[in-house]
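Below are structures written as structure tokens.
The same chain A turns up in both complexes below, where it pairs with chain B and then with chain C.
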Partner chain A sequence: MPEAQVSVATPKQQRPTTEETSLITGSEAIAVACKLADVDVITAYPIRPYDTVMQYVAKLVSNGELDCEYIVAESEHSQFEIVKHASAVGARVFCGSSGVGWMYAFEALTVTPALRIPMVAMVGNRALDDPGAFGVEHNDALAVRDLGWQLVWVDSPQEALDTALIAYRVAEDRRVFLPCAISCDGAFLTHSQALVKIPSQEKVNAFLPRYNRGDLLLHPDNPITIAPQVNEDWLMEIRRQNAAAMERSSTVIREAYADFEKIFGRKYGNPFFEEYQTDDADVVLIGMGTLSNPVRVAIRQMRELGQKVGFVRLRWFRPFAAQELAATLGRFKAVGVIDRDFSLGSPYASGVLATEVRAAMYPAAKRPPVVGFICGLGGREVTVPDVKRMTNSIYLAAEGKPQPGTQWIGLRE
Partner chain B sequence: MSRLFAVEIVYRGIFQKTLAKNIGRAIVLAAHREGKPGITFGRYGDSPERNGIPAKNFAIVATDDLTLEEGMAKYEPKEVDVTIAVDDTLCKGVESWAWYGLQPINRLTKPGGTLIVTSHESPETLIGMTHRKEHPYQLAIVRGTPSFSGLWVYKDDHSDVRILGAIAKVLPDLFSLASVQQAIRDEWDSELKATSALRAYERTSTVTVQPTQGDPEKPYEFVMPKWTEMREGIAIPSIARGGAMTDPTNGKSGGFRPERNPTFKKFTTRTMRPVVNFDTCIKCTLCWLQCPDSCFDVTPDGLYDANMQACCGCGVCEAVCPVDKCVTMVNEAQFSDNASQWEMWRKDKQGYHGWLESKIANRPERSHGFRYRGQYEEQVPEMLEIAKEG
Partner chain C sequence: MATVANDRELAELLKRQPTQQLDAFKGVKKVPLEEFFTSGHRTCQGCESALVMKMMVKAAGPRTIVLGSTGCMYVANTTYYSTSWVVPWMHTQLGSSGSAGLGTAAGLKALMRKGKMKNEPINVIAFCGDGGGADMGLSAISATLTHPDYNLLILMYDNESYANTDIQLSGSTPYGANTTFSTPGKVKRIMHHRWKKNTAGMLAAGHPGCRYVATVCMSYAVDAMNSVRKALSIGGPTFIHSLDPCPKGWDYDPIQSHELGELAVASGVWPLYEVENGVLKLIGKTRAIADGQLKRTPVRDYLLRQGRFAHFTDDDFDYFQSKIDEMWERWLIPGVIPFRKQIDGDRPPA
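Moving on, here comes the complex of A and B:
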């Protein structure tokens, strides 16, 4: 028996690995993507559940695996301002926050897309205070939905890693130059370790070109001033430019996913939304994030009883693939929208997604009834029985029995 | 035949966080070697962790991806094949802030499942500390001092791999010894640790705990109100102020006992408790003043009685007390109730002194974190010796 060793050595597993498969959380997967993307400047300010990303980034930096400026700011507002400026001078940047931390950065969040800064951020979705709560709600990320942020939701650590790489590719495309926030459900994704395939650096390099800010680079050799004060003579044109960039983003997203599949061999199909057992479905549910897990399980169980239910998991909320989604949802007899968020006083007292889905479907040729559900707020589990209850209501809507515009599911009442 | 496996690791927050995380990871990696997919996660509601507060880590493994997804559809498993308590005082029950009162350590243990405890105590002592369960289950003891391989320091005393070896013994369908040894070699690059797992595997035996055995206390039950029954504006009633205490020997009223939260008592955080020699107390107030949990009741005769419903066992009172051996911290496993020491002393001073001396005399070393410089260096070889000798 070898001699007992007294040491404070870090176990091997705590050193991030580059082996092909790694047991990591969704947050750690995002940090690994930062490393693979060779990000230049990362700012951090702790708030749960996003802080798990900054912890892992800090480890990568201290272990010498990631060479970047790692700046712990004194607040979220500065955190987002610092990377905004770094991006303007040509640095690839990463940032992130959660819940009210994201809200504290709100001013910086508004100026970032306006200045066409291709920042990539991770939002560890968390309920907004008060009450202080850590569980997932999507209202934090959705708060910036009108500003020019591209917003994408993922449902597994693997998809988190892959989408972060795609996000850089899309955001930094000169046709786009808009920030992108990747939403990861607090707890279910940020704190759960799963086996993730880590792509090789060579493939990442082939997929992701260097960030080139071109004519917008803030540099003495390229004398420009950004963000001057303007009056009413200028603002509409500026907004229209940014709207055009967001419109172009859809095309760039498609290209990026096609290239991703070619280079990495992992298929995501339609980038904007994923369909599950929809081919022969009578009715369909739609939602975002990790609630996909209980929904898929419930669908398999309901199908054993002959109920033909499908599921559409929306990935990209901005840009919103309205026409395509409306055409898809029009194939079914009724649609149920699951919102892990709320929009108080909105049409039919709905969640945000339900309102968007109804708006998207209005011009469509086929408009099945849309039933809204608010579910899983504050980290409450969306359970298999919850999904079955929702499905029963959609079936009634499909049979022409009017359903309430919005139902709260899993509420103690 | 598809099957879902669930293991929970119950641990002392912060002090044992890394230990629990390592065990969860190694379970998933060992099962992965046999082609079983899995995930592992800490109980989200426990974080941010506080020193010593019971917390949980889970490992969910399945024979195939679809079955795993069924397991993942419930964020926390409703029952587990194996419950691991990496500190024997957790057998008295656990109370995380989101659990609405004290819950038995074996609450999620399946009928016929196994509770694995790291302890120097006998099975009888541990069963006595543990709540009764309506179904029989197995108890396995991995001999050792509770490991504090936590956030601040990684104490590599092999508790992690010894528990993994024990799991391979009690639940061979989850993973074999060979698989877990290989996972250990991959994770830690240590043949010594793989050998420790083997030793634990060879030594692990279980005893069956019957429904008639254990602490008969009925766990606290809490019914959550409907949304229409809750006060608006996120307002909740606060705890009342408290009032005088009564002397059990003469009915005299006086002093002050703060009212405490009846649904969140916190004492399952405790791994050691203070015992007080009231005869040498000089009433300096330092323990009462410094206690971070305001656990001291002021008695009618001006003494300070550590209330065991509120004491978290931090040891600050022992540290600040200016009188030699007036306050002494003692292993929590030695006590079976939370009765008032002061009342015991008032009723029978001689009896109390006999009790006090016996508790202090039989005081096995028990750390809650590191209490003196060099303790870590002392304890690691000691634990490795236990691993070697069994």
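Moving on, here comes the complex of A and C:
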């Protein structure tokens, strides 16, 4: 056990703070979470729309509210590599990107979970080039879904702040030690304000322990060699360990949400997905991110006309709560999956989420028909009529009328 | 004096951490016997880059963290369960030596400054090969050299090709060399027409905030080690470029590695210098050549020892020699700044 991190002086005394309510954007909420989490190293590089978080971070640093090494990198690849290495020597780190910026960092994104480096990143979801579009699409964050990143989608500034604190706790748990990316829909969340309860520093300190790498700390007191060449001799065993870490992540996430509720008094229910008006629903829609807002409005309108529609908003995409989700979705007569992404050439030409939902449901006892929708790409609004159109299709599926595997909704024909 | 005062103010402003003060080794007999890069590596016989690793970390001492980007010195040096590193060592990606050094230094600085880690100067060295440094990682190295607030050394071991992946040409491969990506054929004798990048010179000239840039060669090991010690002591980000003869890539008998390094310097192909706080100093034989005390040996003697130039004709040797002559006779600063001096007979620019 290296002494370096253990035999430290008392941490800097933080001024007592009180809870307050503030009108802030999703990006600002995450910047505030960085301050509350006392992050040590933050790297920035500009790309819309995520970069607003770094603009807020810069202000927090220049005003002396956040004490960290704030580094403006020369590319996203360096941005993510810098924090990866800072985390290896025991620093709590924050980073983020959007769209092709996230893709530019792909190599760094690959090695970070492979090295078991905890990191919290914000993805301001954005359409991938080409052609250029600033608006939201989920393909950026989803691109790393196989690599060991924990991926979570949020739909309000409050949830963004809370989830960032939870993400640090989960990522830095020794049982997990995997990075976590918080997806915030570009513009709809990164740039939209809402009232946010900002917790007191004392409560955050009670919730979030210090990051301790223990015997994995890279330090002269603990002269380890990290990531030597292993070849076929050991690679499979190491991959299996990483897989086990991801499997343990589900438990750690549950614990973190339970403690969060105890300490902050805010209740999120099932951490993995949120259900809206599902108790008596015939059919259900499922999707991620801020499309929850038009969906909820449409559901209220449709219920007035007697259509019993529910909505499941998936928060955690990795780890994917397959059994639990399959059991939930099995309660309904048909399921419609709304993808704000695409997966060209995939089974039934679906989006990524639809493919995952179908895979999750295959072993389930009850398997209602699943209809896939691709909608709201490039930041196009998902409208209330769009939601109604999707609902009509799943009602037809529920009645046994076969529907196309995937439908593009809101498309100019 | 004003410069010194400004530097102090800058250091205060940046809250730069103190460095270890590593004095120069005064001769080979004063070099400590203790090794921090030991057995367990699998480099080729006669590998000068392995010698660079050994001497680099010997010069730095035990309170050092080393980051190694992908390349020979990763793949051949750090086999699982038989690591040769006594000091803490971590792999980084091919183009990440700059970012790895910066991130490590920033992490340590933040933790020490905030009282989360025992405060002590720890050396941070990130190394890369010529592929990782002169090609892929150039942008990250350049960015890192502009951050005056972190103490770290980036060392580029230049064996003039991607030697680990089968000897492919890099931006640091000399003109005309036979590599697996530039094999001489029936129609094209010379497949590689690019002139070797002037990496150290460009980094020294382009980063006025960087306080130390040097070229070294392990044929002059004590000088090289003292360069490492100076680079680590001076503070801020620093860069060292080492030319490493490579038996496999250059195609020669491993016994000649040391001699080839000497020939590279004696022929003027590899000038040894350091730029310390903006002041250029030529070192050893390079200085003697510049002062006119030593005549450059013919480049042909250096090239003929290497199988990678076996396809060269007299014309090729002459061309290579003419480019080296140009570097020495017409560059503004030979080996460092490639702008040409205006000499007699040149017409002034319009």
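The rule we apply is simple: the second predicted complex is superposed on the first by the 394 of 413 C-alpha atoms of A that agree within 3 Å, B and C clash if a C-alpha of one lies under 4 Å from a C-alpha of the other, contacts with A are read in each partner's own complex, and residues count from 1 in each chain.
As a working rule, a residue touches a chain if its C-beta (ideal position, glycine included) is under 8 Å from a C-beta of that chain, and two chains touch if they have at least 3 such contacts.
These numbers were taken from a predicted model, which means no experiment stands behind them.
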{"item": "Touched partner set for A:413, first chain B, second chain C, both or neither", "value": "first"}
{"item": "Partner chain(s) touched by A:297 [first = chain B, second = chain C, both, neither]", "value": "first"}
{"item": "First, second, both or neither for A:237, with chain B first and chain C second", "value": "neither"}
{"item": "Per-residue touch tally on chain A - higher for chain B or for chain C", "value": "C"}
{"item": "Partner chain in contact with A:188 - chain B first, chain C second, else both or neither", "value": "first"}
{"item": "Touching partner for A:384 - first (chain B), second (chain C), both, neither", "value": "first"}
{"item": "First (chain B), second (chain C), both or neither touched by A:215", "value": "neither"}
{"item": "First, second, both or neither for A:77, with chain B first and chain C second", "value": "second"}
{"item": "Residues of chain A contacting chain B in one complex and chain C in the other", "value": "4-5, 7-12"}
{"item": "For the chain B and chain A complex, residues of the former touching the latter", "value": "22, 24-25, 28-29, 32, 37-42, 44-45, 47-48, 66, 69-70, 72-75, 153-154, 156, 187-189, 191-192, 195, 224-228, 234, 376-377, 380-381, 384-385, 388"}
{"item": "Residues of chain C that touch chain A when the two form their complex", "value": "62-65, 67, 74-75, 78-81, 83, 85-93, 95-96, 98-104, 106-111, 113-118, 122, 139-140, 142-143, 147"}
{"item": "Residues of chain A defined as touching chain B within the complex", "value": "1-2, 4-13, 23, 25, 48-49, 130-131, 134-135, 186-188, 191-195, 293-294, 296-298, 300, 379, 381, 383-384, 411-413"}
{"item": "Chain C-touching residues of chain A, taken from the complex the two chains share", "value": "3-5, 7-12, 38, 40-41, 43, 67-69, 71, 73-75, 77-78, 81-91, 93, 107-108, 111, 210, 218-220, 222-231, 233-234"}
